[in-house]
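These are the structures in question, set out in turn.
Here chain A shows up in two complexes: once beside chain B, once beside chain C.
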Partner chain A sequence: MKNGISILLSRIATPTRVGPRDFIIVAVLAAIAFAVPYFAGTYQQEVGFRILQLGALAAAWNIAAGYTGLVSLGSAAFFGIGVYTMAMASNAGLPLVLCVVLAAVVAGLFALIVSPALFRLRGLYFTVGTLALAEAMRIFVVNSPWFGGQAGIFLTAKAPKAYDLYWIALLVAVIVVVGVLLLLRSRWSYRMQAVRDDEDVASQLGVRTYRTKLWAFGLSGAFIAIIGSIQALNQGIVQPNGGFGMSWTIDIVSVAIIGGMGTKVGPWVGAVFIVLLGEFLIQFPEIHLAVVGVVLVLVIRFMPNGIWGTLTLALQKKRNFS
Partner chain B sequence: MHLSTRRRRLAGGLAFITATALALTGCSPIGADGETSDSSEPIRIGATIPLSGTLAGFGSFLQWGYQHAVDEVNAAGGIMIDGTAREVELTLVDDKSDPNEVTSSIKTLISSTNVDALLGSCTPDLVNPGAVVADAQGVPFVAECTPIEVFKSVKEWTYAWDIFFSVADQAVAPFEALEANGIETNKQVFILHDNGPDGQAIGNEIWPVVAEEQGYTVAGNIEFPADNTDFSAAIQKAKESGADIVLISSITPAAISIRKQMAAIGWTPKVIVAEKGAEPVQFAEALGDLADGIIVGAYWDPSFGYPGAEELKDAFESETGLTSSQHIADSYTAAMVLMDAIAAAGSLDKDEINDAIGETDGIYAVGPVKFDDEHAAKIPVVSSQWQDGVPIIVWPTDQATGDFLFPVP
Partner chain C sequence: MNSIDPVGLANTVLGGALLGGLIALSAVGLSLVLGVMKLVNLMHGQIVVLGAYAAFYLAAFWGISPLLALPIVFVLGFAFTAPVEKFILAPVAKHGEEAGLLTTFALAIILENLFIRFFSGDSRSLDTAFSRETIAIGPINLPTIYLIGFAISLTVCLAVWMLVTRTSFGRSLRASSEDPISAAIVGIHVSRVRWGTFALNGGLASMGGVLIALCFSFTPSSGSEYLLTAFAIIVLGGLGNIMGTFVGGIALGVIQSLGAYFFGDGYRTFVGLVMLIILLAIAPNGILKRRRSL
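Let's look at the complex of A and B:
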């Protein structure tokens, strides 16, 4: 059945082989990024935080959507789990690292619990199912008595400095990127891509499709929750409409599509593009959303592989001809 | 061979960059920019306001109120800082009714625009995240549009201040209005409230207690998610309860839906109170005749005689061609309180401005403003009733601008 999702997935650039060079490049870029707070001011550090946050989110989402074909609109559910886990664990006096790890564990368990129901759905149905999941989580948190209702939870810990937040986001981004690279080097990546390209054929060939999807979905969700936990530190107060807000899901998908789904670099290109565009348009609130919308439409129409995907394909063509 | 050479180069580059990065760890990162502005630069005030999203109904009034106050001060020659008159520059950013946007935009206003002080957005959802950031970064922040109990409950504030009414006063007002106007009902109330911070406070805790104290019986109490759209089951229960009075606390879209869905099943309670949601003029515009008779807590009307109140309403209506809202008064007042404090401090030192805000004690367009120990200034509440698209004050009777409309038509 050719639906919108399968058409979109068929246009995803096939990821290139991952080698030692990729890890070296990540290390070099991380070392450069590490030094940013020494020569850039607070504003640049905050913009850097947002780029790292959004890029890492899109890279994490890419594990399920780009490489495995599980196009999820439920990212906000995992993000919110991370946000609230950090707030509650931090207020309980747990150390920061443990709070972050706890966020990943809770998100992984959540993926495990919802997967049996979600994986009964495929394609567009799966996508719509995950959308409902995020909304259900938000309503659950709003209505249950343990999460502070609509008022949310105030973090009692001292607010971190901009450069602390930046470095924490950088560390998390490196963990996500290295995690993605290691995944792409492993046999799992072939299984994931087989499931993405044709789940039935993959199953016939001996791929355990359920387990493959669960790993991809759970890992993606755990990474998203880790990034969400940092957002709680950034805000200092967590609320259901912020933590489980649909804007996270929309931002992640926009970044991945604009940058290039199923590519290693695409999410980062998309994150830089979206964040800087937002900063540029901040003085023009009336046209901000409209411009981002128009860009998204133009990219989908004329660059279906995203900015990075289109660039790499064009370079490949040029090399083949020369 | 070629590959190993390339790898050696890459490894060498990595080692160099890592060494540089490690060397830098001996230095300190750049923290707060702490730029000091010279006397030719304007005084910078920033705010996020909801110009889009579910709370956009409030944004345009805040935008006008803030800008009008700044324009007035600039027209009068600006504010004297260290003996030099300086203009005020206002930067407003759309927070899209999203708490995440509030956080990132307030941070940008502090670190990039280098604001000297901040004004608030609207509703606790949007005011609290901005106040938390401003408080943590030591930037004076004056908010309105969030009930004082909800504001106080977040934390012990140092740099954030709130000028608004008390939910407890708001809860009592409709009962007082019924009593003072001699309205006869079966004394049964049905409560419909959202699960927002103020909705929970008024719906779960305050209204049931106040109703009992005033001799009323609570026939039912239903809580719903703030952005709920289908209220048919709740309305049916309210109708079956036989209550003459329905008390609603919700955001504007929900209040509109509830009233329309009441009309859809052909039920009109004798008294409808719709706190918060029925406040903006968009409520009355969306409902037309169905808005008539609906009571909502209010805190301002130009007729109250506070200084500049009439002129404020006239200026808004002549400039925009729209019906005024009480939010022009509280936003205008918040901006004026902040700018008066800057003038009183005579300096752009944030601690001095903050101290001066705490010293505020005056009558402004919205009413008397004096902050308590928890950084809140309570403004008195009145009851208003929508009649022909206009909010009419119906309590206290000595401030009434029209007759009580009973029952709801």
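Let's look at the complex of A and C:
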């Protein structure tokens, strides 16, 4: 199926190439980011945490939406799964690393369970199905007797320091980035992009589309759940409207689209943009999201490839003409 | 769980059916938009909420009863959404289906936050003289407002059905939905039909919002719930089938009320959402006879 996004993105050099240079750049940037807490204050660390969190979320979403064409508005479901898994597992006394791994596993299983229903839907219907799924999860967690209802669950573990959180977020972000880069180097990425550009043709050519979509969706969801589990540590209390809230989906989608869907760097550009915009509008919290919405409308209309996609296209054109 | 008492169950089912028919008004336009514009309108819920607020403030400032305000709300909804299509959605249509979808997503975010900013996050509700009255049919008690809302919704749905099947605008609308290029070739002004459809949906959804707000309280953030309910209804009723939407509304109302009856009130929406996902997966074109009037 030829959907809108794929038509747009096919203009960007597809399939995306990843070389050793990308890994070196990531290593250098990570080393610089690692040093931040040594010379910056708590405020800068919190801003840094937010950038790493949103960038990693959008990069994870990008695996499904940008490369495989599965535009999901159900990210909050996976995020919430991560948040709640961390809260319940760490309260049960499991070590931190195991909790994070468990969050990823639960999210992957969830993707596996919902995929038979969701993958029968294509394009716009898939998007609506995921939106319904996230709302259903939120309402279920509010009403069911096992998850502490509206009041939520307190984490009994001691809250980590700001710099610890920052380093954990950095580690997770590096895992996500390296994961995405390795994925883009693998054969999976070709299959994913084939499914995105035309599912029927891909299937005719022998791509197992269902399996490809499931891997992309599950991996994307597992990464989102990992980031969610870190958010649970950050908050100290998990609640259905915070963990499964639409606001996470809104954040993820706006970061990915403003930065540039289906690009390696876009999510990080978008995250920096959104977080700095948020800091700039900190005096006006109630219009902050409305402004994000306006930016989103403008970007979709005038820069449909996002900030990074537009920049790369412009550079390519220049190179081709000179 | 206590044993099922037949009167309570009959009350639930009938009340649910009336309520569902009433809510169907908020869903009718969504399927028209989906058919004509190939657009999943994610700001639909916020338009419904906007209608509810319009009626609320008309009542608060000028004392206009919400039922009398319905035509005014329709005009307001129409006037608000017409420029949105013309200046915001139409230009991105060339970028493909998902650009439109994501633009309405962004507009939904904007509207919801403007509601919070200007109308406060408080929960509101609409009152009329007969809000708390009930009508007794034998042992069954039904709220009067459900009956009135049901009748209004049925009337408007019939009117829309007439508009789509019996008028020249309706003919253009059906043609544009079937095949926009051929429609344009035979001289139909497709872009005008598109904004007409979107604005019609705006008016209908706002009126639907008034009816919903007469039965339940609403907040600035109710939009996503209304959107998903409306979506469940049009999928049940079959896309583009107007009277099917009405019947789909009744069906959803019954299912949700039964869900609330057996599992507790908190599960009312949950049952509808789970049904939506299952339905989308097994019968994305609806379970009623598909594609009749469009």
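Assume the second predicted complex is superposed on the first by the 305 of 322 C-alpha atoms of A that agree within 3 Å, B and C clash if a C-alpha of one lies under 4 Å from a C-alpha of the other, contacts with A are read in each partner's own complex, and residues count from 1 in each chain.
Everything that follows uses one rule, which is that a contact is a pair of C-beta atoms (placed from the backbone, for glycine too) under 8 Å apart; a residue touches a chain by one contact, two chains touch by 3 or more.
Since this is a predicted model, take the numbers as computed values, not measurements.
Is this a clash or a fit when chain B and chain C both end up on chain A?
clash
For A:124, select first, second, both or neither according to whether it touches chain B, chain C, the two together, or no partner.
Only chain C is touched by A:124; chain B is not.
Which partner chains sit in contact with A:140 here, chain B, chain C, both or neither? Use first/second/both/neither.
A:140 sits against chain C, while chain B stays out of touch.
If we overlay the two complexes on their shared chain A, which of chain B and chain C does A:116 touch? Say first, second, both or neither.
second
Of the partners chain B and chain C, which touch A:35 in the superposed model: first, second, both, neither?
In the superposed model, A:35 contacts chain B only, not chain C.
Mind working out whether A:280 is in touch with chain B, chain C, both or neither, as first, second, both or neither?
In the superposition, A:280 contacts neither chain B nor chain C.
Touching A:71, do we find chain B (first), chain C (second), both, or neither?
Second partner only, chain C.
According to the stated criteria, A:289 is in contact with first (chain B), second (chain C), both, or neither; which is it?
both
Which of the two partners, first being chain B and second being chain C, lies in contact with A:190: first, second, both, or neither?
Touch partners of A:190: none, neither chain B nor chain C.
Determine, for the stretches 112-120, 166-174, 256-264 or 364-372 of chain B, which one clashes with chain C when the structures are superposed.
The overlap with chain C comes from chain B residues 256-264.
After overlaying the two complexes on chain A, where does the chain B footprint on chain A coincide with the chain C footprint?
Looking at chain A, the two contact sets intersect at 139, 142-143, 286, 288-289.
Taking the complex as given, what residues does chain A use to touch chain C?
Residue list for chain A touching chain C: 3-5, 7-8, 71, 73, 114, 116-118, 120-121, 123-125, 127-129, 131-133, 135-136, 139-140, 142-143, 246, 250, 253-254, 257, 286-290, 292-294, 296-297, 300-301, 304.
Can you list the residues on chain B that touch chain A in the complex?
The touching residues are 7, 10-11, 13-14, 17-18, 20-21, 24, 27, 29-33, 51-52, 91-94, 96, 98-101, 103-105, 107-108, 110-112, 124-125, 128-129, 132-133, 136-137, 150, 153-155, 194-197, 199-200, 223, 225-226.
Flag every residue of chain A that touches chain B in the complex, lowest number first.
Those in contact with chain B are residues 20-21, 24, 27-28, 31-32, 34-35, 37-43, 45-46, 50, 139, 142-143, 149-152, 154, 159, 161-163, 231, 234-237, 239, 241-242, 245, 247-248, 279, 282-283, 285-286, 288-289.
Give every residue of chain C touching chain A within the complex, in rising order.
Touching chain A from chain C are residues 38, 40, 42, 88, 91-92, 95-103, 105-110, 112-114, 116-117, 224-225, 227-228, 231-232, 264, 266-267, 269-270, 273-274, 276-278, 280-282, 284.
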